[in-house]
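For clarity, chains are labelled A, B, C and D in written order, and residue numbers in each chain start from 1.
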Amino acid sequence: MPDPQTDTQSISRTFIDRFKTVRNRFLRLVEPLEIEDFVVQPTQDVSPPKWHLAHTTWFFEVFVLVPNVPDYQLFHKGYPYLFNSYYVAAGERWTRAERGYLTRPTVKEVLAYRRYVEDHMLQFMGGREMDDELAYVMEIGLQHEQQHQELFLYDIKYILGHNPLFPAYNDSEVCIWGDVKPIEWLSVKKDNYQIGHEGKGFCFDNELGKHEVHLEAFDVANRLITNGEYLEFMQSGGYENHEYWLSEGWEWVGKQAYKAPMYWIKEDSQWMYYTLEGFRPIDMNEPVSHVSFYEADAYARWAGCRLPTEFEWEIACKQHELHIPKDAVFLDSELMHPKPTEGYGFYGNLWEWTSSAYLPYPFYKAPDGALGEYNGKFMVNQKVLKGGSFGTPKEQIRSTYRNFFHPHLQWLFSGIRLARHS
Amino acid sequence: MPDPQTDTQSISRTFIDRFKTVRNRFLRLVEPLEIEDFVVQPTQDVSPPKWHLAHTTWFFEVFVLVPNVPDYQLFHKGYPYLFNSYYVAAGERWTRAERGYLTRPTVKEVLAYRRYVEDHMLQFMGGREMDDELAYVMEIGLQHEQQHQELFLYDIKYILGHNPLFPAYNDSEVCIWGDVKPIEWLSVKKDNYQIGHEGKGFCFDNELGKHEVHLEAFDVANRLITNGEYLEFMQSGGYENHEYWLSEGWEWVGKQAYKAPMYWIKEDSQWMYYTLEGFRPIDMNEPVSHVSFYEADAYARWAGCRLPTEFEWEIACKQHELHIPKDAVFLDSELMHPKPTEGYGFYGNLWEWTSSAYLPYPFYKAPDGALGEYNGKFMVNQKVLKGGSFGTPKEQIRSTYRNFFHPHLQWLFSGIRLARHS
Amino acid sequence: MPDPQTDTQSISRTFIDRFKTVRNRFLRLVEPLEIEDFVVQPTQDVSPPKWHLAHTTWFFEVFVLVPNVPDYQLFHKGYPYLFNSYYVAAGERWTRAERGYLTRPTVKEVLAYRRYVEDHMLQFMGGREMDDELAYVMEIGLQHEQQHQELFLYDIKYILGHNPLFPAYNDSEVCIWGDVKPIEWLSVKKDNYQIGHEGKGFCFDNELGKHEVHLEAFDVANRLITNGEYLEFMQSGGYENHEYWLSEGWEWVGKQAYKAPMYWIKEDSQWMYYTLEGFRPIDMNEPVSHVSFYEADAYARWAGCRLPTEFEWEIACKQHELHIPKDAVFLDSELMHPKPTEGYGFYGNLWEWTSSAYLPYPFYKAPDGALGEYNGKFMVNQKVLKGGSFGTPKEQIRSTYRNFFHPHLQWLFSGIRLARHS
Amino acid sequence: MPDPQTDTQSISRTFIDRFKTVRNRFLRLVEPLEIEDFVVQPTQDVSPPKWHLAHTTWFFEVFVLVPNVPDYQLFHKGYPYLFNSYYVAAGERWTRAERGYLTRPTVKEVLAYRRYVEDHMLQFMGGREMDDELAYVMEIGLQHEQQHQELFLYDIKYILGHNPLFPAYNDSEVCIWGDVKPIEWLSVKKDNYQIGHEGKGFCFDNELGKHEVHLEAFDVANRLITNGEYLEFMQSGGYENHEYWLSEGWEWVGKQAYKAPMYWIKEDSQWMYYTLEGFRPIDMNEPVSHVSFYEADAYARWAGCRLPTEFEWEIACKQHELHIPKDAVFLDSELMHPKPTEGYGFYGNLWEWTSSAYLPYPFYKAPDGALGEYNGKFMVNQKVLKGGSFGTPKEQIRSTYRNFFHPHLQWLFSGIRLARHS
């Protein structure tokens, strides 16, 4: 449970503004879509955009309005069943794998659902002081919606990028990455370090319980691996040589149609990729993206290095990039692509795979109730990522933020930072 | 190959009218849909409605315009790949199972595609005499489009009927079926009979080659089995007793979630079904529909009877229902449900499962070229159905028409007529 | 139901001899096996040899001894569950797909089971007159055992032939096939013909109900297609050209690792095959074997012909090969390979695929009780084969015998005879 | 790489004795088997016993004899292909999932293979000094064989325990577990601790690189959870309540036929289990075994505790059980079941699931060559287990030994020890 907030009245006011900002941002993000784009689920990990719009609304309806607003009328009694994701405690759910079979409710109806719930939320928030528990639930609601906005970006990229017509999502200009310099190494000394969140701001349950971790001396790279560097790995037989791969990674390679990051396609003799701005030649100086953990790990082994643990990453970040740089690229910029920045790039642009399994911290305790399912129950078979991406809102990111995905997934905005023993 | 047509000029004029009629009917059929309904493919046998709209258009583009119109420009060079179905000879195809992942082209673009091809077709037909070969291809194009209009009805019913909100497709009034009388039997004598199409009208290659078949004496029922009669089968343990079932049918039963015709759901103690007019109590006097061949066959065995062969059906129909009755219910009525009629009901309302495997007639020869793939290559593991349904246009139906589907399928407009040895 | 037998006493005596002969033959057939060979099930269609030994014994135990011998003690109360195959009416069964997981009972125990049941059978048969019903059940028991002996040969060939060490099953000398002459055609006139079994001898329920069938004039080839002829088909791109294939056949080809009959492997530039005598170069003059129906059908289309229907086959056989030739190769010869014979080869050597779906004859009626499951419930999605193979005992074969398998199967002893319209 | 050994001559002599002991033990372990038991693979994780016998022999042949003995002749040129497991660098392999389809070589041939390789090994070892590299390879060979002997026990238990006849593997008497006392807690203080192997003895690469780990204060239980305690969890709805389960664990539960540890079956109202001594009533005081990590983790959560990390386990063991107790139950006792012992039971009886993911230690480096595949490539999606079982030879076990399995597996000899924060 996060630190209690004392001045509940003022929170409420700030919160209303943030609530509006976050909710409106989703509408802006879906503006470039055609109605048809909202409906499909080309693979199980992708959810239909209209499902995201509705599910994030369901969260406020079921966890805030239903328990707190007397006589609240559900917008539609069938929606809780349709738009619950995995909260077992919150009741039955429509099968995840079949989200893409539902043509109704329509996008228009989903947008009406959003407005209905927003109206009730604003009315509710305006006339009421929040206690800590409610503040926590509402905060989670906002965090949750922002996480789904990022997932939406992964998903719409997948939907459009797997269509042979390769329609662009947005038409903003694409930045060119200049020449990259050789990697330099940032050192961290052998010592005990403090890990985990402290302070007043929000954090998730999985970051809580400040505790000590002992680290041996190590270095991390001062930048991410580029497309050009990754192509060298490919051209030197990276996908054909089992030595670089974990056993399950090697099996995974065997099943892939393309031996390359997701969205890379070789046309004639040129490597192209699908980006949210459309299908175009690969910028070789840009950080490589859409690699699975297996690929990141294999690349690191090929390069004679390794990936950092989540603890190494966190301490290196705290020591070498004291604050989030002003030019760090987050969702707030509404730029839909990584962009060169000053500094070492720990924050923004791309999530960075770590070698750490996603496990509980020593003092971890899942919150009670349905929200206890938020993080803890996924603590097996997943890998931690750090630092946020151009799809993450700046307010969500911290050095302690622990993102997690299965090691075979490529569709997220993921990148590679190397580490080594000093 | 059908009988050659002599007056090519006059054909052309009739054909243009039929072309317009058929093409416009599809637009009318999709009018009740929301944009979202056009996109999805909830099971492999269902195609997205916009795919049907585009695929039937592709047929005219690739088989008529491209080979016959000098300098014809494709509407979009990516469409032939997207909208070919199974014509191997006509080039590569987008995987059938992934039709529901394509959000683009949009419905609007598909409709523009339809208009573009229609304009070129009209221009082409207006200024040209048709030889027999071209007449044949264009006729197939129209037949093909009408078959897909019927498939579209199966598919939209599946899409809406598997949505837990059960939205209605149309809001026309539903007819009530009056009391049914006990079955009476129509007899046919042991003899040799002529099977197969003859005469000037169009028919498919699989109906050709008039030939003799010897039939032993038999009877067929004078009407279809009703929902009420089928419910008796269910209530007497029809789905729990292996004796009534073919071995593969029994396996199929084991895998079904609902032991009932498709769209039947028991709510509290009442049997309901989804119809194109919405979710409502079952009319017990109406003919049972959405049964697989396995169910039709099991029902017949339970009733101490059997299904007719396709030859028995054809001869019984020819002897007892000399012409298609005026009140027979076809797509032309745009009524989306079976309706009581005079006569024995051989034509219209519901397709009738026969016990015959779909096999070539003795003199069968597939046409050359890509259209040779139309019928012949499906002649294994399928069952013949006869008589047409409320989704079939009247102009398509004949006593010799051979429809065919796999024995496990329920989503078509199928019904049961019993037969027995005299 | 077969013709009743009047002199029950004498039947009994003959039957005892046949019973001994048949049972002993199985022991002789398994003599070349190692204990290990009895246990495995490398694919669902293959059963472990010890399962065949036990299952054929179970048949006599459960259908003869249990209902007829007072106080009969089961050899082991767990065996009926383990060795029932698909007789739903005869109780629960061990899953077919998991027969190859059972190491116990051991081969030794299974052989003891055989002896135990044989002793009781002999004792039972010696002291008793058989009524018609019992005679029928016992006859089915013998027929059943002989069918499983043939299946055992398919299975042991599969087991040894899919082992990379290619151990031989037997070491008898292999016959050389001399040069083959071009096909000549045997004609049959257009007429009505009698189909189905008549007379006193045994036949299965699926052959019963003598009835008329009308045939158009046709020719059938005077011999089977050879390995050399089939290789021509392969070398002319037979497996690469969809035109020759049924749609489901073409899908099946896409999934096959080897584009060839089962057991064919190209080593360096020579085509080899596994035979029961070991791995050796293909004899190009021998009839091609281990082809699926899809391959037989595709070959026929490539050759500008077709396969005969089961009715055409039966009438051509009756007209052109009046009796089973003395040199026809059946299981009785215990030669484990086809061998050249005089005549047209309708009987023995290899089963011949027909184009007919396996369906009931017009007057078909399944027997009551568990034995009613013997034939009738498989009458969907299978193809009829005629004439027997070197694995069929001569006493089983008749021109009316209807064997049936799914169209994708290659592991049986199947061959190709062409037909055409006269 | 382990510590270099100086006196190569003396090693060699000891090694020969250990080699004989280990190799002979396998022959003793398979003595109770019938030939049939050696052949099958009822699930992918189980290998046929004869495969284990051959694979452990292949290891010596391919890694010792082939590179070191001039003119060494392979016993059979086909065996390396058949008996390689997962060493990609050592060449092509027979598919793992199809090991149970191979009836040849026979058990007799495999035993001859063992003798052949043993004879050559003894001859080779007798006449030669070993350098460090060879000593390492041979040591790995012995360790490897012993690991497979334990796996063999898991596998034969699976093979016999999934046979409905439940044949016993051995007939030794079963020990009775006396009443258990309530759990007491062993405390460890917050501090930095040394983790990883040091000293002269053998260890695996994954234990190397002694390094510091910081631990917060914690307690571990002084004994394992019993069958009776686990049954309480079951009876209080443990398998029906998602709250106790990781999300992937809950999915796993949904797919299980039995909601219980492997080998538990409820007959009438009594809980029975299959043990290597046969099918019998569960001893409620015995430690629960054959639980997956998911079950261990769910049990711990239900009990208000958690599992220890591998580091906590290792330090608690080092502090509280200074030496391996004399009565600890290992494979050497050839007792095929856990048995009560003095002390806290860290060593022997059952492997103990930890909450740690199997990951590399900070200084981990895989050895070069094919043996580099031994441990490192499995470092994803697996869980660490500690302490050894009654199937582990005593010489293999150390407090630093890291065993690892996927979290869903039940077929190993696994148990549950609880931990909690002090």
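By our rule, a residue touches a chain if its C-beta (ideal position, glycine included) is under 8 Å from a C-beta of that chain, and two chains touch if they have at least 3 such contacts.
These numbers come from a predicted model, not from an experiment.
The minimum number of touch steps separating subunit B from subunit D is 2. With centres defined as mean CA coordinates, subunit C is found 38 Å away from subunit B.
In terms of their C-alpha centroids, the spacing between subunit A and subunit B amounts to 47 Å.
Residue positions of subunit D in touch with at least two other chains are not found.
Contact topology of the protein chains: cyclic, one closed ring where each chain has exactly two touching partners.
Against subunit B, in their complex, subunit C makes its touches with residues 86, 88-89, 192, 211-214, 216, 218, 242-243, 245-250, 293-294, 306, 355-357, 359-360, 362-363, 372-373, 377-381, 407, 421.
In the complex of the two chains, the subunit A residues touching subunit B come out as 34-42, 50, 78, 81-82, 94, 98, 100-107, 159-160, 162-165, 167.
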